[in-house]
Amino acid sequence: MESNEKKPRYGMVIDLDRCNGCGNCTLACAVENNVPPAHENANERTGITWMRVQKVDNNRPYPENRSVYFPLTCQQCDHHTPCESVCPQKAVEYDTETGIVAQIPVRCLGCRYCMTACPYHARYFNWWDPEWPKGMETALNPDVSTRMRGVVEKCNFCHGRLQAARAKAAVEGRRAIADAEYIPACAESCPTKAIYFGNLADAGSEVSRLAKEKNSFRLLEQLGTEPKVYFRSEQSWVHEQMNAKLKTAEKEKIHG
Amino acid sequence: MNITRREILRFVGGSALGILLTPVPWKALDDSAIWTQNWPWIPEPVRGESSYKLTSCTLCSASCGLRARCIGNQPVSLSGISAHPLNSGALCSFGIIAHHLRYHPARLSRPCRISGKAGASGSTAMAFDELLLEVAAAINDASASSQTVAIVDGRPGRTASHLFQQFAAGLPNGKYITAGESSLEILGSMFEKPPGPLAYDLDNSKMILSFGVPLLDRWGTPARTARYLQKKSEGKQRIIQVETLQSRTAGMADRWIPIRPGTEAAFALGIAHVILKDKLFRDASKDIAEFETMIAAYPPSAVAEICGVSQDFIRDTAREFSANRPSVAVIDGSANSRHALAAVMALNILVGNVGRKGGVVVHREIPSPVALSKNKMSPISTLDAIPDHSIRAMLIDESLSGSSLPDGLLQKKLTGNGILVSLSPFVTERPFCTQYVIPSPVFLESLAELTGQADRESSSLSLSAPLVPEPAGMVDPIQFIQRLGSAAGVMNIDSGTTEELLKKRMTAIYSEKRGSIFNASNGQTSELKGLTSPDELWNVLFAGGCWMDSPETVRSLPAVRLTSVSTADRIKNIPPESNQLLLLPCAEDVIYRNSEISPLMSKVGQESGLRPSGCKVYLQTATGDALGLTDGCRVMLQTKKGSMQAEVRLDPSMMPDVAAAYSALNQQNIISLCEMNQDASLQPTPVKIQKV
Amino acid sequence: MDKKFISRGVSRTSIGNFGLWISPWALMLVVGLYAVMLCLFKGLNQTNMDNRFAFGLWIYLDLTVIALGAGAFFTGFLLYILKRKELKAVINSAVVIGFICYSGAVGVLMVDVGQPLRAWFTFWHPNVHSMLTEVTFCITCYLMVLAIEYVPVILKNRKIKHVSSMLVFEHELHKLIVVFAAVGTFLSFFHQGSLGGLYGVLIGRPFAFRPALGIWPTTFFLFIISAAAVGPSFILLTTALVSKITGKKLVKPEVYQLLGKISGSILIVYVLLKAIDTLIWINSTSPSLGFSAASFYKFSGFGTWIMFAEIVLCGLVPALMLLNQNIRQQFRWLITAALLACTGIVINRFVMTIQTLALPTLPFDAYMSYVPSWQEVATFLAVLAYGMLVYSFSFRYLTLFPQERELQSL
Amino acid sequence: MKFQFLWFLAGLCVMLFIGWIVFPYALYERREQPLQFSHKVHTETAGMSCDNCHAFKEDGRFTGIPALSKCMECHTDVIGTSPHERTLVDEYVKQNREIPWLVYARQPQNAYFSHASHVKLAGLNCDRCHGPHGTSDSLRTYARNRISGYSRDIWGNSISGIKTASWDGMKMDDCADCHNQHNVPNTCLKCHK
């Protein structure tokens, strides 16, 4: 069915030097994906934020202290996806069509094995049933299903938006969608435009170009999981801190 | 026939085998699993047609243009309009979830009276008419006993504001008070006669010297950071952040100058000292010599001592500030003393930033037929100018959240039996007086008018269209003042519905033929002159558009009095006694102090720790270690004014010996521990910290 | 009163005393079941687990309990396949303990998952790459095997024996016991291994990750061997404990010594392999993933002492003790050695489950701690109480130790 | 001995009867549609085509069952003789109330289905999944599974799960089978949201 052209590999490049830690990505994500407000007993370790911003500093005391904000989401590992192979009942799947790691909450039995497998802590368990203040449940996004307690959920690059873009293309008789037609809520909502999103398999795309730059790195690259979320910063301490291998331009050809 | 136990067992055995050969166990297994996937108590999103509606955000005066994605008529998500000249597609984190506000559990549905006596506080629901009678009685009482009736406006320049001014003019002791950007009000008051509404022209500035203003985080338009990063890469803008804490702005600015808490005024006077000494000033004020002697006590050496920074920082900053024109010095009015505001504003006067593009500019008044009607308007006054304990009734329009006056100040100005009448969607606890609260619609429910930006070169006007119906019994600001006026016998208020009055204003703006208009539906900005009718203007603004006034041309400004900068106050560091730290009250969300936010805000607070939630105190790691405190432990904060519990966060970016304390959204708690300046601004206060 | 149910030739305490003994366990079971209900109906917010500590006390205990319950399969393997007839003295007890351990673990797992009603999806839509699938399949099957092995023990009860068809059934079943023992051994090897693989495959947790031998990480094999090593030790300990509590001689001293010897011989192999595996991990696996092994031990609480305790103090030491005949013959030292061996495995399972999750992975992660809630503890205690009750009833009414009658008459 | 075996057989038969006859009946709750509707009358007598009412939106969404406003394009007042039409006008049109149709093919919220890609791109006909519904003269009784809440059409008519037609059954396996036949990827996210 699919034409011969290469299948997309969606990915992100996040410019840490542009992130001011406002949290819009976290909020827009929660709105888009029907993540409920916190249960009164929830905390930083039991709450659900598919996209979470974490402040990271250089461990130096005042006044030499410097910090950046890391927007952390599912890193969409392309290779040896740690969570996928461990799920006993295929609730996690590496989507070969898009490179997105899918989590299907209705298949999930809530064993949380995937959460222990994920080194990026990108997976969240529903410790409570979701609850919205009265009336707020009418403002949910119909493109994403709500979840129940006892299942794991995580970022899927706003796949509902991809489905919507495909439906629009289909009604116009197109099988492929243009790059601009699909952008996740976090990237769209970022007021400083720190999040670039696009197709890493397309060598001409901006994300491909940025991902190959020498200032770009990925988290825990040595694990060999080939995450599709890149970070970039021009501050050398960030690279040192992340123990990142700075790439030489010719060395790596991504997702070739 | 005799049925024995064994026969029953055989029957059961047969049944057990039989049931396995039917669909019952398998279907039950399958359907019960499906049941868990569709639990009836888990809400399902409503299905419906999807559409986009355009409007403007009312949360603050930044007036961001936004797109609401609607399912049926229900907005389900908000995003910025990328071509919008005010916000360039950016929304702030409050705005992006503002469509939830109408479902906030604390939403007020009926007018109520809240008893102010401590301990006896309780809210009594009442009819609007009944409430009007009681308030009118208090107003008449005030008029009779020549006490003041004040009306406080957080968003001046609206049509409603002008009606408020008419109301104040109609009373013998009526005062109209704005709670706008008070640093600019101070600057205005330094002129011999007011030059008109002032604003910072940040977009055109080459260098911004910010005294703790969260420029790159949440102050003014959320597009600021992206614009700054763009200009920075082109070498067109620099930001120097003078602030105790390593805030988000401090982290991104070109330079962060960490000064001791409460020493902003001293730092500014130190810069002024260098500017005068090195003859870097441009605008000679007639009392400049006098000013120089006044600040003689602030040479860089002394200031370095007070602020805890190197002298070079002071000299370099002074030179950069005067060399990189147009430059502008900004300071946040809600967090600093009036002395600090005046000292910083003096810098703008000294290097000639006032009245210049890229500095502090004068905005033109937006045409208003109400302002021109036969009904007289009261002039604008400030709460400072009103004697203490003289206000019998204070009316506050909080229907649009915005800068609000500190409770300490309000309390000081009210008489013993003073009442507070608030128009607001939510109840703000003010336990010091009897409060009447009238419910107003929230964002997206009513037609609202948005004027003026304190961070732009020219003023603008937008409309926020009602996308969803408002609940019954809501009152908008125009109805509020008209009803109150007629109840209190104040007859000189323009009549007409909100829509009629706003349409009249459109006609007035249209007839002036000045400025430009942004049309959100096609993303184009064009001259207002190109429009064919006032109705067209209305339609464009009603759909997320925006009218921008043309910038005021530079004109000669009236003379200034630099000596109104006072140094009398103790502008120096308070060395804390041994084993005491300096408590720095922090307001993460100062603009929203008297408003609620979407419950989803827990995502960036309670659930991720990105922004402080609950009561937290931040200490330098070394300071915490010295006090034997660990990250996450609970402590008691004790000052002369009281004590409260907080959770410790050790943070290497913190200045040693400083305790930055955040409390939950409503700031009452931390404020109650802090000593207050004369103008009700907070002072850094010595605090004892003990583990509990 | 219940005399006719008690095996011929052995004496049991009065029913009153027995009642006194079981009532605290019954109470503990009831409290635990209340905690279970809370978890099932209110959700797992009743526990202190969280997104970072997604596995907690329960998984740790599952792994431990199943390792200790390995005595059942390994004794069966030695008795029926390798024909070590001496072990007939403890096989029944081993089967009951195995059954308790496995059914308890499965029960706790059903509480531990967020959606127990969907647990059968693993059978319908299995992911064959997942160690957990392997574990689920093998444990479920092995639990059935254990149940089948348990049935003949029950059917031999003095009263039930009177039903002729039951006796025939028992006899036929017993003929097949070799088959079940073989199947059980096979299944056990797999799931003990899969439980080891559970953590060994976690590439995202360099502390636990081990390279693969064939398709399984080395922990797969280490878990099998370690479970086989401590299984007999645990049988030894439980037998001694029952003997102590009831004040009866249950098996001959040679049986204790044989169990100790078996345990020791396998434990020494395990310790050797574990040491090699650890060295490879320190020098190759961990650095290749970007982590120096030392970095995992810099947090207070989990220093290198835990590694020493696990491998030397509770590994090498008991192994050498158990291999020494003189020590084996002194009952006190035999028990000490068995206890150390079991402790070693308890520490190993703790290190694999809890320490792995406590350690940071991202460069800016914090070290995590976790304290189980009362509901988690009560649920665990319910399993303990359940085990106590099942064992107590089995001991009273069934023949767990065939040598008891003989030893009593001596 | 023979008699004893009969007891066993009796148990077996009772359960087979309950499991195959009583259970399927008890499992489903039957509900009548709020209003009768004839596709036949609309397509044949009124000469309308399917997409007159079941159309695609610009954004690729399918209207599914049209809203009352669609009915009101013709039925602002009674134009025929059917009593159901009178009900429509009196109870819904005049009171401006949407008709609470019971949707036979309603998928759960976790399933995503795009009519656009199946109809416009894959060229499927309506009856592939909806059977002869489009030519029916009346609306059959809607049956709802009491445990799962699903329409009976999702599982299919036969309790054993044996399909008698391509549209008999709309569960995941039915979708997956067709995808497999046509070599369309069967990844989770194709159909789940």
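The chains carry the letters A, B, C and D, assigned in the order they are written, with residues numbered from 1 in each.
Note that a residue touches a chain if its C-beta (ideal position, glycine included) is under 8 Å from a C-beta of that chain, and two chains touch if they have at least 3 such contacts.
If you're wondering where the values come from, they're calculated on a predicted model, not measured in any experiment.
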{"item": "Given chain A and chain D, the chains that contact each of them", "value": "B"}
{"item": "Core chain by centroid distance, with centroids computed from Cα atoms only", "value": "A"}
{"item": "Which two chains share the largest set of C-beta contact pairs", "value": "A-B"}
{"item": "Most widely separated chain from chain C, with each centre as the mean of CA atoms", "value": "B"}
{"item": "Averaged-CA centre spacing for the pair chain D and chain B, given as whole angstrom", "value": "53"}
{"item": "Rounded Å distance, chain B centre to chain C centre (Cα mean)", "value": "61"}
{"item": "Chain A and chain B: spacing of chain centres that average the CA atoms, whole Å", "value": "32"}
{"item": "Separation of chain A from chain C, taking each centre as the mean of its C-alpha atoms, in whole Å", "value": "40"}
{"item": "Shared interface positions of chain B, touching two or more other chains", "value": "32, 35-37, 44-45, 50"}
{"item": "Multi-partner residues of chain C (each touching 2 or more other chains)", "value": "115, 118, 121"}
{"item": "Overlap residues in chain D, where contacts from two or more other chains coincide", "value": "57, 59, 61, 108-110"}
{"item": "Touch-based graph of the chains, sorted into line, ring, star, complete or other", "value": "other"}
{"item": "Listing of all chain pairs that touch each other, if any do", "value": "A-B, A-C, A-D, B-C, B-D"}
{"item": "Touching residues (chain side chain C, partner chain A) in the complex", "value": "43-45, 49-55, 112-116, 118-119, 121-122, 124-127, 129-133, 136, 198, 201-206, 288-290, 356-357, 361-365, 368"}
{"item": "List of chain A residues in touch with chain B within their complex", "value": "18, 20-24, 26-28, 30-32, 34-35, 37-38, 42-44, 47-49, 52-55, 57, 59-63, 65-69, 106, 129-130, 132-148, 185, 188-189, 191-193"}
{"item": "Chain A-facing residues of chain D, complex", "value": "56-61, 108-110, 112, 114, 116-117, 120-121, 182-185, 187-190, 192-193"}
{"item": "Contacting residues of chain B [partner chain A, same complex]", "value": "36-37, 39, 41-48, 50, 71, 74-80, 89-93, 96-97, 99-100, 102-105, 216-218, 222-223, 225-226, 229, 246, 248-249, 251-252, 256, 258, 598-604, 606-611, 620-622, 652-656"}
{"item": "Parts of chain B lying in touch with chain D, wherever the complex brings them together", "value": "6-7, 10-19, 21-24, 27-28, 30-32, 34-35, 37-38, 40, 44-45, 49-50"}
